[in-house]
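In the two complexes below, subunit A is the common chain; its partner is subunit B in one and subunit C in the other.
Moving on, here comes the complex of A and B:
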């Protein structure tokens, strides 16, 4: 039971972390704004289901598109402005912009939709081994998305260009890889993954303006623990963190559940400054 | 004339390194650019590559100005780079590194042809296709770096310290390859701290000091030049 619910919340951490990780390792931007794309995608999914009555998979796709478009636009029209010909110099400004965007969008969500939680209607009944199908779907969808991202990054030409850029931006450019295009792709991917995570969990936990805070912060922990640039590291750490929290909440104290991740983060970084799977 | 730098000034942000440098390279030449550590050789190469902007002056390649071209477009004109420090994608295989060298080539058949050409020059790469680049020895990595740069079938190849840190046997091999490439019709700008060896295979040379060209001429003349002998050949 703890294992099951841990894997599910861990899937959410892992999905958000995967997007953050790809963006971070290529652009040097810890894109906090992903936390608010998560929220807005969840609302998009919620309204699509409740107002337009679309089936859940369509709402999921819509949430992913909303996340992708928002992330893409923030990169295209904002972050890119501070990235001059010497790319890495602007990282500090971009970090501030990312944090500003996060609070800006969070505030807007609160203003528009109020802080009252909205109940996302269940789209499926039934359960297996004490876990509802809706919960199991979160895990399955996460695995599918991880496999897709992995295949994209490892096997396709744009995927290889992205990997090359994550190792050496300048050299990638010299070989003809357009970094603007790479950035657009990775931001859109990151936004889509955050959006997917958000819509997948919404039927389990309802929709509210601060719903993105914890997944965002936990995902940051997962990225740091999982090591930049490592897809499998993120999956393992994301799921591991979810499971550890679930067991910790049951056997130690649920009051400390959300502090646990940050305790582990500091401890791990003291012992292994590059994270558990770090390579870059 | 294939490549021409006309009074370029360049550097890093506010820091100006390259001062009023003019150079020219003819088709099928090997031109050596020599100078002490920190003279600005790599900065010139990075500027031609589009990784650094010029603050003034122009760079002309086959009659076209390229100094304002974005870095990722430069390779499409036929310019390629063996960068200082190799800069391989160490977590990728030999084959992936080579494929990235031909990233701009959309014709798959031509990618295959270029790869065969590279494998012909460096048979070791063919045998180790699936190996991660980072696990190679220094010499093998340098061969892969040159191979990657050749995958776009460049007309003009810039080589930044290709023999740095290699054992004497491998250094000889690298210089041999440079000569072979010249015979295959690749025009070469060779940056080396190994001044004697590079002037021995070059047609012409430029000597760079503190970001400015102080001397230029036929390679054989430079080898006989008293100042060059004293400063760079230890004589």
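Moving on, here comes the complex of A and C:
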């Protein structure tokens, strides 16, 4: 039971972390704003289902599109301004903007839709081995998305450009890779993954403005644990963290459930400063 | 040209100083309250600047040390009946030591690894404040904290006396930090910021000085927390959540990291903007975030850059 629910919440961490990881390893931006794209995508999915009455898979796609468009626009119109690093603190400006965007969208959601949690209607009944199908779907969808991202990065031409850019942006540009396009792709991809995670998990809990805080925090840890640029590392660490939290909450203390990640992080970094699956 | 700039700065400083001195006598108690908040945040920003502006590492847990100082001081006075005047230095010292314990392992990490670790440490401390109900009262908050005992016949139960107390501590702290960053220690930590490997190669014990800068910065935040606890007299975990840490980061970076005066101005400006928007509590952070992004789009170096433009334009 703990294993099951751990794997499910872990899939959410892993999905958000995967987008963060790719963005972070290429653009050097810890994109906090992903936590708020997550929130907006969840609301988009919620309204699509409750107001427009679309089937769940369509709401999922819509959430992914919303996340992708938001992340893409933020990169295109904001982060890109400071990419050339013409002054010393440019990296910190990008970080500030990421924090500001996170505040902006999370608080806008709060102002528009109030802090009251909205119940996302269940789209499927029944359960298997004590886990409802909706829960199992989160896990399965995460695996499918991971395989898609993996294939995209390893087997396609844009994927190759992304891998090149994550190794050395300057060298990739010298070799004729358009770094603007690469950035647009990775941000859109990150937004889509956050959006997918949000809509997938919404029917299990509910939709509220601060729902993105914890997934964002945990995803940041997963990125560090998994090591930059490692797709499988992110998956394993995300699931691992989810399971560790579920067991910790049952057997150690549920009040500190969200604090375990801190100890896992400190221990891991002291033993392996480059993360568990770090390349370098 | 240079001398005229210097004298203009001095005049601005003198005007600010005189204003700060007379504010309790000319302004409403609400304004005085906001100025006290601004001074407290200036102290937090200035102490944070020692670490992030001068030594380099970007940390996200300053509010945790602030809260630790506040709770330590409040609990010492509440549970042991200790005087505030003793609890203040003790909480400062204990947060300093605690900072060293956390900083020693954490500062072995560099860059983003360090940043995320501190982020999580901050969140962990928030959970501790929230969950140790028997000590901190958890989500109900910790009330009943007494104002500082009267000393030299000054009674600290009112706003004005507290204002001057916090102002004096603020000036002392900024003076201390100013002396510190202009000392040999200050030059050492700047050398670490500029090129850590080179600093180490020429014989600077970079690990030691980074941990020292981290602990001093933490200890000063602890002292600020103690002042806050006995001024506000009610502590709630959410005051010390990661939102506050991020707010301090924003104040320092917007004001101009590594200048000491920039973060102080940043803290003042951000505090006042947030207070001015009390009329629309729901939209407060939305407007604030838009303003912040707008400032950065217009002038990426923040307020320091805008100031330089105005000076340069003359």
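One rule holds in what follows: the second predicted complex is superposed on the first by the 274 of 280 C-alpha atoms of A that agree within 3 Å, B and C clash if a C-alpha of one lies under 4 Å from a C-alpha of the other, contacts with A are read in each partner's own complex, and residues count from 1 in each chain.
By definition in this document, contacts are C-beta pairs under 8 Å (C-beta built on N, C-alpha and C of every residue); 3 or more make two chains touch, one makes a residue touch a chain.
Source: prediction; values computed, not measured.
Applying the stated contact rule after C-alpha superposition, one finds that A:164 touches subunit B and leaves subunit C untouched. Of the two partner chains, neither subunit B nor subunit C is touched by A:205. Of the two partner chains, subunit C is the only one touched by A:104; subunit B is not. Annotation for subunit A, partner touching more residues between subunit B and subunit C: C. Within subunit A, the residues touched by subunit B in the first complex and by subunit C in the second are 89. For subunit A in complex with subunit C, the touching residues are 24, 30, 78, 81-82, 87, 89-90, 92-93, 95-97, 99-101, 103-104, 107-108, 110-111, 217, 220-221, 223-224, 255-256, 258-259, 261-262, 265-266, 269-270, 273.
By the touch criterion given at the top, residues 12-13, 49-53, 70-76, 81, 83, 87, 89-92, 96, 99-101, 103-104, 148, 152 of subunit B touch subunit A in their complex. Of all residues in subunit A, only 85-86, 89, 157, 160-161, 163-164, 167-168, 170-179, 279 touch subunit B in the complex they form. Of all residues in subunit C, those touching subunit A in their complex are 58, 105-106, 108-109, 112-113, 115-117, 119-121, 123-124, 127-128, 130-131, 242, 246, 249-250, 253-254, 257, 282-286, 288-290, 292-293, 296-297, 300-301.
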